[in-house]
Amino acid sequence: MRQSVRAAAAISVLALLAAGCGTKSAAGGGGSSSPSPKSGASAFTACMVTDTGGIDDRSFNASSWQGVQQAEGNGITGKYLQSTSPSDYTPNINQFLGQKCGIIVTVGFLMGDATQTAAKGHPSQKFAIVDFTYPKPLKNVDALLFNTVQDGFLGGYLAAGMSKTHKVATFGGQKLPTVTIYMDGFWDGVQYYNAKHHTNVKVLGWNEKTQNGNFTGDFTNQSKGQQLTQTFISEGADIVFPVAGNVGLGAAKAVQQADQSGQNVNMLWVDTDGCVSAPQYCKYFISSVTKGIQTAVKTAVTAAHNGSFKGGNYVGTLTNGGVGLAPFHDFASKVPASLKAELNQVKTGIENGSIKTATKSPV
Amino acid sequence: MKLELRGITKRFGSLVANDHIDLTVAPGQIHALLGENGAGKTTLMNVLYGLTRPDEGEILLDGQAREFRSPADAIGAGIGMVHQHFMLVPVFTVTENVTLGVERTRWPGLLDRRRARREVRELSQRYGLNVNPDAYVENLPVGVQQRVEIIKALLREANVLILDEPTAVLTPGETEDLFRIMRELKAGGRSIIFISHKLREVQAIADTITVIRRGSVVGQRPPTATGSELASLMVGRPVELRVHKEPARPGAVVLDADGLTVPDDQGNPAVKDLSLQVHAGEIVGIAGVQGNGQTELCEALVGLRPVGAGRLRLDGDDISRQTTRQRLAGGMGYIPEDRTEDGLVGDFPVADNIILDVYHRAPYARGIALDLGQVDSTAVSRVSEFDIRTTSVQAPTSTLSGGNQQKVILAREIGRDLRVLVASQPTRGLDVGSIEFVHRRIVEQRDQGVAVLIISSELDEIYALADRIAVMYEGRITGIRPPTVPVAELGLLMTGADGGPAGEPAGTEAPAGTEAQQLYVPQPAEQEAPPAPPGDGHD
Amino acid sequence: MTEQGGVGGSAPRASTDPGGTEPGRPPFGKVIIQAIIQGNSVVVTVAAFAAAIVIGGLLIAFTDPVVLHAWSQFTAAPGNAFAQAWDSAAGAYAAMFEGAIINPHTVASALQYNSISAAFQTGSVSAIFDPLSETAVNATPLIFAGLSVALAFRAGLFNIGGTSQFIGGALLATWLGFGVPLPLVLHAIVVLIGAFAGGAAIGWVVGALKAWTGAHEVIVTIMLNYVMIYLLSWLLGTSAMQRPGRADLITPFIDGNAQLPHLAGPSLRINASFLIALAAAAGVWWLLQRSTIGFEFRSVGANPRAARTAGMSVTGSWVLVMTIAGGLAGLAASAVVQGTDHTLTFQSYGTYGIDAITVALLGRARPLGTVLAALLFGALHAGGVAMQGLTQTPVDIVTVIQALIVMFIAAPPLVRAMFRLRGARAAGPEQALAKGWNG
């Protein structure tokens, strides 16, 4: 038995060897270490490491990759490596460190440690990290964070103003700071609306004060989002704000079903403009509470390419356009002009600091 | 209808299961096929019944060559088979069962139950089968279920009926009934192929006896042939058919069951208020039809099944609450009924099975470390002591023949110093040579002062070994008799009757003294397949 | 094998096979797994690997847009179409080889230095060994978790609960790692023991529930996986476990003292955990083959009824084997927490628990086989990173190849048919007996 397994292993190594040798003769030519036809010798490569969500998560990995792709051209090419578990972060970054990347973009706060270690070990390598910030800014890392409590606040105000039932709901994928910061803002926005209009719009699914609420447990299981949203609807909520990536599609399905059965239920999308990323449900999206990952990543990549890279922490806000509400699309005519005007006032208030947006999540 | 098999050969790999077998069954004849397990009887019948295609040879019906690609072909040609394991649906009635597949219908496709029931009743009456067409099969005794199978074959107009080890599951009384039915069928012009390894039955019912050994026909004899002659043909050498044993010299009570009640898996009592004592130096045999609580009794004795009520004592100590390991350590040896399921780990080497219940003790273990050298040397010596035929002590036990597997268990259990040996069906499925060996060893234990309890549904074995015979019926001991008791009386006890002293001989001769009664040949473990190529056991 | 009742049964079918020595009818699932573990020859394993590599290569080639474009021009330039497909697959596998075993370019660049010391100082030498180091690092948790599954399987239990046991070990180990200051060496050992104990506790729960209530271990382990995943998320959010200053679910770094030392300098990630894993494999082998406990485990696994009849405590074996198996899965967490990551996040459990099943099956539930299978998977994973990094072939292809290997091994008749091998089972009883897989 033992001999057999050993033989199996030996032969598998041979197979790999054969594959390796095969390339030499087949790929032939320059003997470049990279057989990829895309990478030229002098090209600037933007290398991105996704977290475990992968490139198609319709969330920050996807947005970051879109940012890299938008930066492509003019001598910039992009490539990515997908992490399948947190243990992949370091080897994936190491892999790119060995490839002379112009900039290494890491996506997600979970890669904070690995990125920091790599950045300190390779001071001449430029990095950007999405959704994270360092207490002591690093010179060779663009740390890109988004103060989504601000547009979450606008979303909450909008939802409170649009709700007929005086009940709105939100839920998250997992209880993570990048998730709860939206929910904090949403909750605050509703409370601000209540204070201003002497109404009593209730928020289901989250409480900023207690930091307790509803989470589906992951960012992939749509049926859980659908289930939770149905619960909220049956409890009287008529606007739902899922902060859960792909799980939000489940929420949209529940909203669609409610709409088809005659209920008037709508929702807010998160991260990206829902009418672009999930157009099939556009007619239910009052607006989307977005963060400008794409733009920020694109800016970081371009800056690294043209020499204007500074490093340090960047915080996306309403003021610098890093966060904000998406266009109303189908609801452009349904949102009252007065509410639109109020939203503008609130926005100005947040920008000049006269309206405080509280959050326990780091900004 | 005259049935002829000519030159039937069937190989499985390099094993020749049937080697140019010729067999002719005349109309209205009961033709017995006698042979040990693995001799090739079942394979031959499977060829005849279309379950297996022969590699060579042909089947002729009334002189016409026929080819059976499936049982359906065979049935169509008028051949019926009653398997050892019945193919009945328990929750259907007799009529439903026998018409399954040949449903009697009337326009427009409805089941014609009345006609079906009438046909069953007619067949039942004509051959004295005595079966109620409307009874549910699950409520019928095994003997009646077998008759249902016969009706099934008759309804399909079988002219040749194959009965595969039909008496294996029957009580002596039921066997008598079956023989009566077979004679009726014969009188009705049907041929019967009767497969068996029981000499006495074959002699009692057959018109012609064909003996098969290792896939070949080794002889044909009239039923008047002596048992010794038939047995020698079967085995291929002169056979010692008697167990030589001195009269028992019983000592003190060793194993004492006192008012034992044991629940089965469903919690119903399978052993009911059973009291039995086994003395040092005697063999007590428990006779009875299977399924009357023997299995549960064994398991309770060894500690595999909790005792519901009553006491179990070993040398006066209450062991009712002891674990199996404690009981084994206390001097109990156990040969389980189902050796491959309960007695051996088939994937393990012979050596490991020889120490399966002592591996944790010195000298095989030091702390938790196994002393493989010790295990090996013990195994080697046991293998030679018990004449276990194996290529090496490291060979997987499942590759051994049934007899050798049983010897492994025997080597393990008898290898320890025993106070009491519980042996359940100790020779089931074994060849004659192995049976001799096992019996000799068991008697040897008795003579060394071990209390021996044998549980067997094989009456021959009980007669051969027991110093006292206890009959078990529905969880109770219905009587304890000396080994001179007539079969008829045991048969009555086995059906629960309060058999008084042997009153009427009931057509069955008293066993003592007659040679036929001393013949004991095993009941097969299963109708299927020998556990190993037949050569293994005795070459 | 009982004859009572006499209804039902499948005598005629079985009787056509004179070599059929197998008694009884074990449950179907167990039959399949037994078949995977025992029924395959080396040839089948190798053939399965080769088949998986070929199909993986086709997938690589025909998901590559360059290749697809070349094939759309097939009639114009058929040679080019084949060449492109070959280049694509071969290039991907070459990159995989460079990432998993050795990269010729690192050798070449190390040879440029005219003194050995210079080559060492610049790190060129360690760069040569980086792929092997990565393979070992990737394999380490799989060895532990694979041993966990293999050990449990030898006792007849199917441990799907690697994830929950990993988390149990990880939680205790990490907490001991950052929360309890201890001196060098001792700290690492205490944390290591903690990892084992944490996993063992979860394993014990499974074994105890099975032994005392009869709950099926597959159900229990799957449910416990959920319980532990949510417990992990919750605990990482509490002040006891959460890293100060972080709002996301991550613990503080464990002390330097608690970390396992690198084996070949700081630039290579290979660390002492790999050696511990090899030692664990040797330990499991000893336990199974040379100890009374392992004898019991194997007896219970191979034939629980015979084990019970021989006086062994089947339920006791279940509890003990699950405890040890859980501890081994907990050690997989040590490989991650003490060996590489030095911290714990809500996702650290990765897919080790599931991959471990594959590894153990591929390794035929034998310790050495498990190590080799884990190394193979580690190599595939390490190679997958290089493959995606260099050729942008999706890393998912590695998962596909792993799955294909297992699929082919699980379907020996298919593999035999593909390669026209004559199955041992189809041959006569002599061959079946001569085969002899008693390991």
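Should a chain be cited, it is by its letter among A, B and C, assigned in written order, with residues numbered from 1 in that chain.
As a convention for this text, a residue touches a chain if its C-beta (ideal position, glycine included) is under 8 Å from a C-beta of that chain, and two chains touch if they have at least 3 such contacts.
These figures come from a predicted structure and were not determined experimentally.
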Shared chain contacts [chain A and chain C, defined touch]: none
Chain closest to the assembly centre - both centres taken as Cα means: C
Geometric centre distance via CA averages, chain C-chain A, whole Å: 32
Distance from the mean Cα position of chain C to that of chain B, given in whole angstrom: 47
Chain A and chain B, separation of their C-alpha mean positions in angstrom: 73
Chain C residues counted as touching two or more neighbouring chains: none
Complex contact set, residues of chain A against chain C: 1-2, 4-9, 11-13, 15-17, 19-20, 22-24, 26-27, 33-38, 47, 52, 79-82, 84-88, 90-92, 95-96, 98-99, 109-110, 113, 135, 174-178, 180, 217, 360-362
Chain B - residues contacting chain C, complex: 12-15, 17, 38, 42-43, 46, 49, 51-52, 71, 83-88, 90, 137-138, 142, 145-146, 168-169, 290-291, 302, 304, 323-325, 327-329, 334, 336, 338, 340-349, 352, 356-357, 359-360, 365, 368-370, 372, 394-396, 398-399, 525-533
Contact footprint of chain B on chain C as seen in their complex: 1-24, 38, 290-293, 295-296, 298-299, 302-303, 305-313, 427-431, 433, 436, 438
Chain A-touching residues of chain C, taken from the complex the two chains share: 41-42, 45-46, 49-50, 53, 66, 83, 86-87, 90-91, 93-101, 103, 105, 127, 134, 137-138, 141, 230, 233, 237, 245-250, 253, 269, 336, 340-341, 343, 345-348, 350-352, 363-364, 366, 368-369, 372-373, 375-376, 379, 381-383, 385-386, 388-392, 394-396, 399, 437, 439
